[in-house]
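Shared between the two complexes below is chain A, which pairs with chain B and chain C, respectively.
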Partner chain A sequence: MKKNRSIKKYTVFWPIVFLSPFTIFFFAFNLFPILYSFYMSFLNWNGYSEKTVVGFDNYKAIFTVDTTFWKSLLNTLRIGIVGFPIAILLGLFFAVLLSNLKKLKNLFQTVNFLPYITTPVAIGMMFVFVFEQHIGVLNKVLTFFGADAINFIGSTTYAPYVISFLIIWKCTGYYMAMYLAGITSISEDLYEAAKIDGANAWHTFSKITVPLLKPVTVFLIITSAIYALQLFDEPNLLFTNQSSSVVGGPGQTCLTLVWNFYNQAFGANPRMGYASALSCVLFLIIVIVSLIGLRLMNGKEKDL
Partner chain B sequence: MRRFFSIILTAMLLVGMFTGCGDTAANSANSNDAAANASAGTESTEAGTASDEAVTITYWGWDSNYYAPMFEAYTAEHPNVTFEPTAVEWGDMLTKVQQALASGSELPTIIAMDLTLIENWKDMDVCEDLTTYGLDKSKYVASLADMATTDSGKVIGVVENVCPAGIAYKRDLALQYLGTDDPDELGTMFNSYDAYVSKGAEVYDQSGGTVYLFHSGQAVAEWFYFASDIANQEGNTLNYTSKMTDVFSKLIALRNANAVDTYQNGTPEANATFADDLHIFYPCPDWAISYYILPNDPEGSGNWGVIKAPVSYAHGGTALGITSASVDTQKQAAYDFITWATSTEDGAKVARDEAGYVTAYTEYTYDSSFTKRSDEAFFGGEDISTLFYTDIVSEMAIAPASPWNISIVNVRNDVAQQIMDDKEMTLEGALAIGLDELKQLVTDSSITIE
Partner chain C sequence: MKRKLSSVCLHVFLILISLASLIPFWFMFSMSTYKSENIFKNTPLLPSNYLAENIKTIFASNFVKSYGNSFFISSVSMVFCVLVCAMVGYAMNVYDFRFKKAFYTFIMLTMMVPSQIGVIGYMIEMRNISMNNTLWPMIFIWMANGFGAFWMVSFIKGALPFELVESARIDGANEIRIFAKIVTPCIRPGLLTLSLLIFLWSWNSYMIPLVFVNKQDNYTIPIFIKSLASAYRTDYGAQLTGLTLATIPLLLLFIIGSKSFIRGLTSGAVKG
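Now for the complex of A and B:
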């Protein structure tokens, strides 16, 4: 009897005690907000007025009336499609380069990783100092060579690509670190065997390194897609200033899905209910993208 | 021993976990008290002026140039009052309060409300009716006091100061490129918008394409926007086309004359132009002297002047309100502070001398002996006090606010920047872009945009 109680204490009581902090926090700060947000998506509510249930009206409006949603989705895709593939390719390139380095490997690794841990506010300011028309370093270089200065940040043509460049600059180091970890797990025997068979550097890279890094690549593509769909800090900080802030940047060309959601929820004329519906749609999009990615990963596992 | 440590560790985890909850519960209890007290607000009013009881007033605002010296001077006279200001960026203020309301967290006792967004503040209904504390709004400049009054007559705030605006200029550049730095002569020279266009072209050519009249299209558009007497909204109609035709057509004329540079207004690089020798004029409400000119050109004493704009106008303005979410003693103390700051000679003098703000309390606003500013030496001894508070205040018109002001301002900023970026952009093109954006931003289907 005493033994049973003692076993129960270790199999029931203590697990509950130690799991309860996480469980309580998960329910309070993850599950409850998600469910409450889903509930709010059926309301016409601005955050402080009377709540009115409007059924699926908010969802209908997103897909039939609201052109801003589609515009923000296209902007997000455009910024992401330009930025992330280049960042992933550069990450792979630098990882391969660094993996062959004998000296200063750690130094270059750290330097490349620094942008990833720099705070978004600092990144916003730095990029203004690079791309601004009058004082920007890039324009100083352009004018030095006789070209006209370009208003990169204030132009509808260039502004989205500045965000893409920012992503490349920020994420390349992180991707490089992930690829480096992947490369170190590839057995040296494979490279030696290839060398004996007369494979050159390109063959080794394309036939051994790249295929064996596929799980890392798939992981990076999925997480990049999720990151892209949640882009907010970078464009928001680049186009927000003391007195002439513009929601979505010049011509709203940098209005991302989350920025649009934020503006709907917390702008001067807030629509919490509608914004909640937007967040639910965004949640669905991210779930679909993640499932596709997981399927790709599972497919890979089966292949192996 | 192991068991002892396990128990201690678990207890620490649980205590840590519930500490946050405990605070929230306490705050919630406080809010309930506050709500209960708020509902009994009139009793507090009957209680009369503040006692010597220690009281802490929390404050959210962006303008430390104003609130810091005001708090210091007030606490010197009222040592029982302690202020706890929280600096909130101008653009974040409304959002911060909305988030506090939606999440049920605490609001401050005093809140600073930008007049541009005053209709949104009215909609939020977080402020006390100051007439229940005994405020006589007829003693304040009527057009400003009316802005902070709801349709039902509730006065949600007291306007800190009148905000007459002129055009500030750099004397050395004016002398070099316009032949004079005398404010009267320059005022005569620039007595129409067309004069800015023709002189702008001359200055640009004369300087070899390096000197502009203005630094930013957005700043110029902001000037035209505030100077226009067309209301943003009448009934359920937004007068977008008529208002923005007025604004964008003038900006395009100035752009075509190369009178305006392409800086984005309010950015650090744009603010740095206050001290350069490439831009002559800056649209300048009186508060911009302490907010923009002095901090950005501290070495510029004696090199600045101010002239009247072709149309006298007001720009900006802030109202101080008391939120319902405090206890009666705090609200009464907050009301005493606000009335001290705006309607007593002591408070109004601190505002004038420390922040360069002239109260909207008419007894002082229209008293030319009172409105004498202490910073005229910075303007080469020019009598800017008479210019701002006699000449401009008596003429300036203030267009009524709309709940959609922020969307309209957003469109104005964006299109102004695009006008400056695309030299080929016509008025029709600019209006069409703005209209498209505004339709996306104005989400109330009962509003018609014309």
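Now for the complex of A and C:
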């Protein structure tokens, strides 16, 4: 009897004590808001007046009537598809170069990591001073060489790619560190064996390094896809400096999914119900991407 | 000889790459030392002598208050989050209970939930418990962090020998005591890494404060940076000084803890 009680202590009582704070906080502050947003997505409400139940109208509006959702989805994809693959490839390339170093490795890693940890808001504002037409450093350089100043931030052609550039600048160092950690975990013997077999640098890279780094690559693709879907801070700040009324940058070419959602919910013309529906759609997209990711990485998680 | 040459090339190349990372920071700093009218006369490669004046301007705004707020929010979030996550990590490694597998899946799922998505519901919830004019909404959101829990589970798995817990139990220590006195020192590097990460993430968080901060007294650093653009519409020197003061201390903190930091961030993809 006593033994049974003492076992119960370790299989019921203490696990509950140690796991309940996390569970309670998660339900209270993370899950409940999402469920509440889900409920709100069936309402028509501007934040203060009377709520009315509208069923699936908000969802219908998102996919059929309203073009901003599709536009913001396309914008996000365009910014992401240009930015992230370049950042990932550069990260891989620099990591391979850096892995050859003996000293200074940590120094280079730390320096290139700085953009990643800088407040995204600050990055947005810093790059205003690089890309702006009249005061930007880049245009100073262009005009110095006799070219015309380009209004990067104000033009519908360039603005989305300025954000892609911010992504590359910000993330390359992080991806490099990820790949470097991956390369460090590859056994030295493999490279020795390849050397003995007379493989050149390119063969070693393409036949050993890249395949063995596949888990890292998969992880980076998934996390960067999720990051892209949530892009908000940098574009939002990049275009605040000019005139606060601009939502989405020039011609709304930089209106990302989350910015659109934020603007519908808290902008000049709040549509809480509609914005909630947007957030639910976004949530669904992110969960699907994550599940695909988990599936792909499954082999790795199983042995935990 | 050939080897040496390629090594030099490699270093030069890597230095150029690093410069690309650093140049925006340099311009931010060097522009912040200019008087606004003079910034754009030339390309501000070298610092000027107006930094003290700019700092005075910034300190006259609510910069100090914003710093204090951000520091308070990040510290409290960090302490709560790390404690809660370490408890999860301990329980998942030390106990055998019925729904352990299910709970592990639950942790994996919590990692996927992006907190920005529920912000409308969160705002209404906070309004209903009259918290929407305080700093607490920006803290609560960090209390149950999926990545943190996941990270503590895998870290404790590798760092805590179960025999240690068992022998303490035989000595008659209860679980809270074991957790506080024996486990915590064992997993200190893991706690440190997670603390740095949570501090950084909550410090950088932008959208949640954007929704909840509606008076100057509650400004956090990202909101303060946003406000610089309109508060000093024409005083670019002051804007950049604000930006510099807001970003550089955190970067220094990072450089000090960079090893632990990078290990934490890279652990998601590479175990061990």
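As a working rule, the second predicted complex is superposed on the first by the 282 of 304 C-alpha atoms of A that agree within 3 Å, B and C clash if a C-alpha of one lies under 4 Å from a C-alpha of the other, contacts with A are read in each partner's own complex, and residues count from 1 in each chain.
Assume a residue touches a chain if its C-beta (ideal position, glycine included) is under 8 Å from a C-beta of that chain, and two chains touch if they have at least 3 such contacts.
Because the structure is predicted, anything quoted here is derived from the model rather than measured.
With both structures placed on the common chain, the touch criterion links A:Thr240 to chain B and to chain C. Of the two partner chains placed by superposition, only chain B is touched by A:Tyr274; chain C is not. Applying the stated contact rule after C-alpha superposition, one finds that A:Pro21 touches each of chain B and chain C. The larger set of touched chain A residues comes from C, when the choice is between chain B and chain C. Look at A:Gln133: by the touch rule set out above, it reaches chain B but stays clear of chain C. By the touch criterion defined above, A:Gly173 reaches chain C but does not reach chain B. When the two complexes are overlaid on their common chain A, residue A:Phe266 makes contact with chain B and with chain C alike.
By the touch criterion stated above, A:Pro250 is placed in contact with chain B alone, chain C being left untouched.
Counting contacts as defined above, chain A residues 14, 17-18, 21, 24-25, 134-135, 240-241, 244, 266, 272 meet chain B in one complex and chain C in the other. The part of chain A that touches chain B in the complex is made up of residues 14, 17-18, 21, 24-25, 47-48, 67-68, 71, 128, 132-135, 151, 153-156, 240-247, 250-252, 264, 266-272, 274. Within the complex formed with chain A, the residues of chain B that make contact are 6, 10, 13-14, 17, 90-91, 94-95, 98-99, 101-102, 117, 120, 124-126, 216, 218, 222, 261-269, 271-272, 403-407, 410, 413-414, 417-418, 420-421, 433, 437, 440-444.
Note for the complex: chain A touches chain C at residues 10-12, 14-15, 17-19, 21-26, 28-37, 39-40, 94, 97-98, 100-101, 104, 106, 108-115, 117-122, 125-127, 129-130, 134-135, 137, 140-141, 144, 169, 173-174, 177-178, 180-182, 185, 215-216, 219-220, 223, 226, 230, 232-233, 236-237, 240-241, 244, 258, 262, 265-266, 272, 275-276, 279, 282-283, 286-287, 290-291, 294, 300-301, 304. By the touch criterion stated above, chain C contacts chain A in their complex at residues 10-11, 13-14, 17-18, 20-22, 24-25, 27-28, 31, 39-40, 43, 83-85, 87-88, 90-91, 95-98, 103-104, 108, 110-122, 124-125, 140-141, 143-144, 146, 149, 153-154, 157, 175, 179, 200, 203-204, 206-207, 210-211, 221-222, 225-226, 228-230, 236, 239-240, 243, 246-247, 250-251, 254-255, 258-259, 261-263, 265-266, 268-272.
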